[in-house]
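Everything below concerns the one structure shown next.
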């Protein structure tokens, strides 16, 4: 095993940002749980209008894309720039799958007339998932920027902090969903 | 002072201090009206005094921001200001428009002022903090555009530093969001919704960018710490400001006919608004501890550190006190809000402008770096008097607010507004007393500019390394 | 990275990936088919929450690479997982 | 590995984060607009109410009173004054009309604005309209405001 680092992979600035984001999600999660405790019946009833098959596909998509990102970092460590860009491209594609599936889910709810103001459950469901949805979008933009730079040969085995920075952000997006999925779709 | 054109800042700073004095005098009038209800009635009713108090605050802070920009932008851009004559012209236009507006408030009844200025053509008057006649608002837009032109061109043509860019973004945002003051729909909910786009997105958004960049400039100059380090933290802090503050607008959308989801979005994000202020405090003290020089202008460093602490207390802590929706349900529109408003404005914006004035004025008045010891001692006395009395004003208003909230909203037998006001009048008297001390501090502040002018300035203590 | 890793038949991250996929399917299946499995809701929810914690820790350690970090940053994800999870756990348990 | 914490990354986060959260803010604003018609009592927004809002504004009422909690804290909340005055616009009009020109010795007193009958009716109707706005949890907490 190599010597341990004092700092997490990537630019420290992104980790400050990641901490802030994780903080917001943590508060949102706790707020969901405690509000649910006051409206158990309402939450249990409307949770059944969600389709956990969609959520399953989405979880698999995000985990897979996270894995691809890990491979992209491994590739650039071996100085394989094109391969790094390809893995990143694959990760972005999986992010795209997430967006499409999530949009289908939203379409289903919106056409049923559900809004943020329908009830407390849907308020939390839409707020949490939409906030996360925006993060997936943001993460894809970041990964795309990294992939483009990698393609142009902007990273190498000796200078790949940028790849790690983008990767860390993307794993954070995945991490949040890992909690969100059971909390909103499964736990009752 | 490195560039001749920086000297326009002096005009702006002098006007700022003059209007500051006016603001405090009217603050004392209002404070007295709280306990002696018929004081100056009907000549200066409370709403007029308040309008003068708040509008003078906004105008003098704008003067302060502009003066700060005119001072620091050339120095950062390493070139003379583009069109300094425009800066001077705009100064007189802004001062004249501001003075005419205040005189209008005082000499005419507000409804006559509205008629005189043809407010019906484009109704924008009569909303809190945006009471200025439409014509004055248009004047503010013209001044802001001219100001942005001369600052922006200077930055474009010169060296582009982070301090300059952040300041420019902040000032541009200030001008852009002010445009929402021209939107005044009949629908009260919409009116209030977008009113906050001026008020909140100013003081909890773009103004914090201005605050951050001025603070960064002063720290670069007085501590000698590497610019890279300071600029990096400036970015992180203002990033946190906008990340929390934009959605944080939601803490104003709890009870004005806006949908319920704002209760959560507003609470969660505004609860994080203290974070950038906390980072700013840590940042300022860190930089001063890591200083590579002992700047002779002790007063300026004191103001800079003071603003970092007081902004955190006033905007951060006192904001957090009542930002969560379940708490705000009871405290909304009580003296708690007034307490928070006083310390936040003083800590974040009054003190940063005074810090910049303190740093720049010696140079603008022909000194090398700092004032004489006598002047600095007086200035530091004024710092402590004003700051401590502001803490007490805030504490007394908080006490008043807690009692008001309980008696009027929370207890089993809620009392009438005016009954409660009578019961808490002791706190208002104490607040007025603290306000008088504040005025003494302000007088000493003004005196410090005239003290020891013929004495030599404080010399920089050079630390010998070897 | 280390030579042992490159020579290995399967990369450690691939094993972790497959593990994550398996745990996800388990979570989904528990939610989907519990009417047939018949776990008490409290057991179901806490199991699922525990699985999520494990998955989060795996992502933090192996994907984000925190197992190769020392000092305070090493535990940032762990801390983040435990904090909301304990609140969530408490809120759910108190609601039954 | 040496410490990496670059200014350019801090800058990217500032720009990216600001744009991201501003877009999110716009999205929530859009969602608010969808909801406004259910809450904002626009059915009651007649020309006389609109005129009343102008009377309200051109006399700087917000300089002493709060309306739905926003304004000055010198005089009572008016978001529910219509209800507090027994659901009566007449009572509101009578109060405004009755204010003494020279105030009340030693006490706070609302100025005598010398409003015309039409203006009085308009501002009273405006306050009635304001009381019909559906605020969350029916803020203010009680009739005292």
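Note that the chains take the letters A, B, C and D in the order they are written out, and that residue 1 is the start of every chain.
The rule is simple: contacts are C-beta pairs under 8 Å (C-beta built on N, C-alpha and C of every residue); 3 or more make two chains touch, one makes a residue touch a chain.
Since the structure is predicted, the reported quantities are computational estimates derived from the model, not experimental observations.
J.: Between what two chains do the most C-beta pairs come into contact?
T.: B-D
J.: At what distance in angstrom does the C-alpha mean of subunit B lie from that of subunit A?
T.: 39
J.: Taking each chain's centre as the mean of its CA atoms, how far is subunit C from subunit D in angstrom?
T.: 48
J.: Which parts of subunit B, given as residue numbers and ranges, touch two or more other chains?
T.: 232, 235-236, 239, 243, 259-261, 265, in rising order.
J.: Please output the residue numbers of subunit D that touch at least 2 other chains, ranges allowed.
T.: Counting only residues that touch two or more other chains, subunit D contributes 5-6, 10, 13, 17, 24, 31, 35.
J.: Give the residues of subunit A touching no fewer than two other chains, as numbers and ranges.
T.: 5-7, 13, 16-17, 116-117
J.: Counting only chain pairs that touch, give me the topology of the graph as line, ring, star, complete or other.
T.: Graph shape, chains as nodes and touching pairs as edges: none of the named types, so other.
J.: Each pair of chains that touch: what are they?
T.: A-B, A-C, A-D, B-D
J.: Could you please specify the touching residues of subunit D with respect to subunit B in the complex?
T.: 5-7, 10-11, 13-14, 17-18, 21-22, 24-25, 28-29, 31-32, 35-36, 39-42, 45, 49-50, 53-54, 56-64, 66-77, 101-109, 111-113, 129-130, 133-137, 139-145
J.: Can you check the complex and tell me which residues of subunit B touch subunit A?
T.: Result: residues 232, 235-236, 239-240, 243-244, 259-261, 264-265, 268-269, 271-272, 275 of subunit B touch subunit A.
J.: Subunit B touches which residues of subunit A in the complex?
T.: Touch residues, subunit A against subunit B: 13, 16-17, 20, 23-24, 27-28, 31, 116-117, 123-124, 127.
J.: For the complex, give me every residue of subunit C touching subunit A.
T.: Residues of subunit C touching subunit A: 1-2, 6, 11, 13-14, 17, 20-21, 24-25, 27-28, 30-32, 41, 44-45, 48-49, 51-52, 55-56, 59-60, 62-66, 68-71, 73, 76-77, 80-81, 83-85, 87-88, 90-92, 94-95.
J.: Spell out the part of subunit A that touches subunit D in their complex, as residue ranges.
T.: Subunit A reaches subunit D through residues 5-7, 10-14, 16-17, 115-117, 130-131, 134, 138, 141-142, 161, 165.
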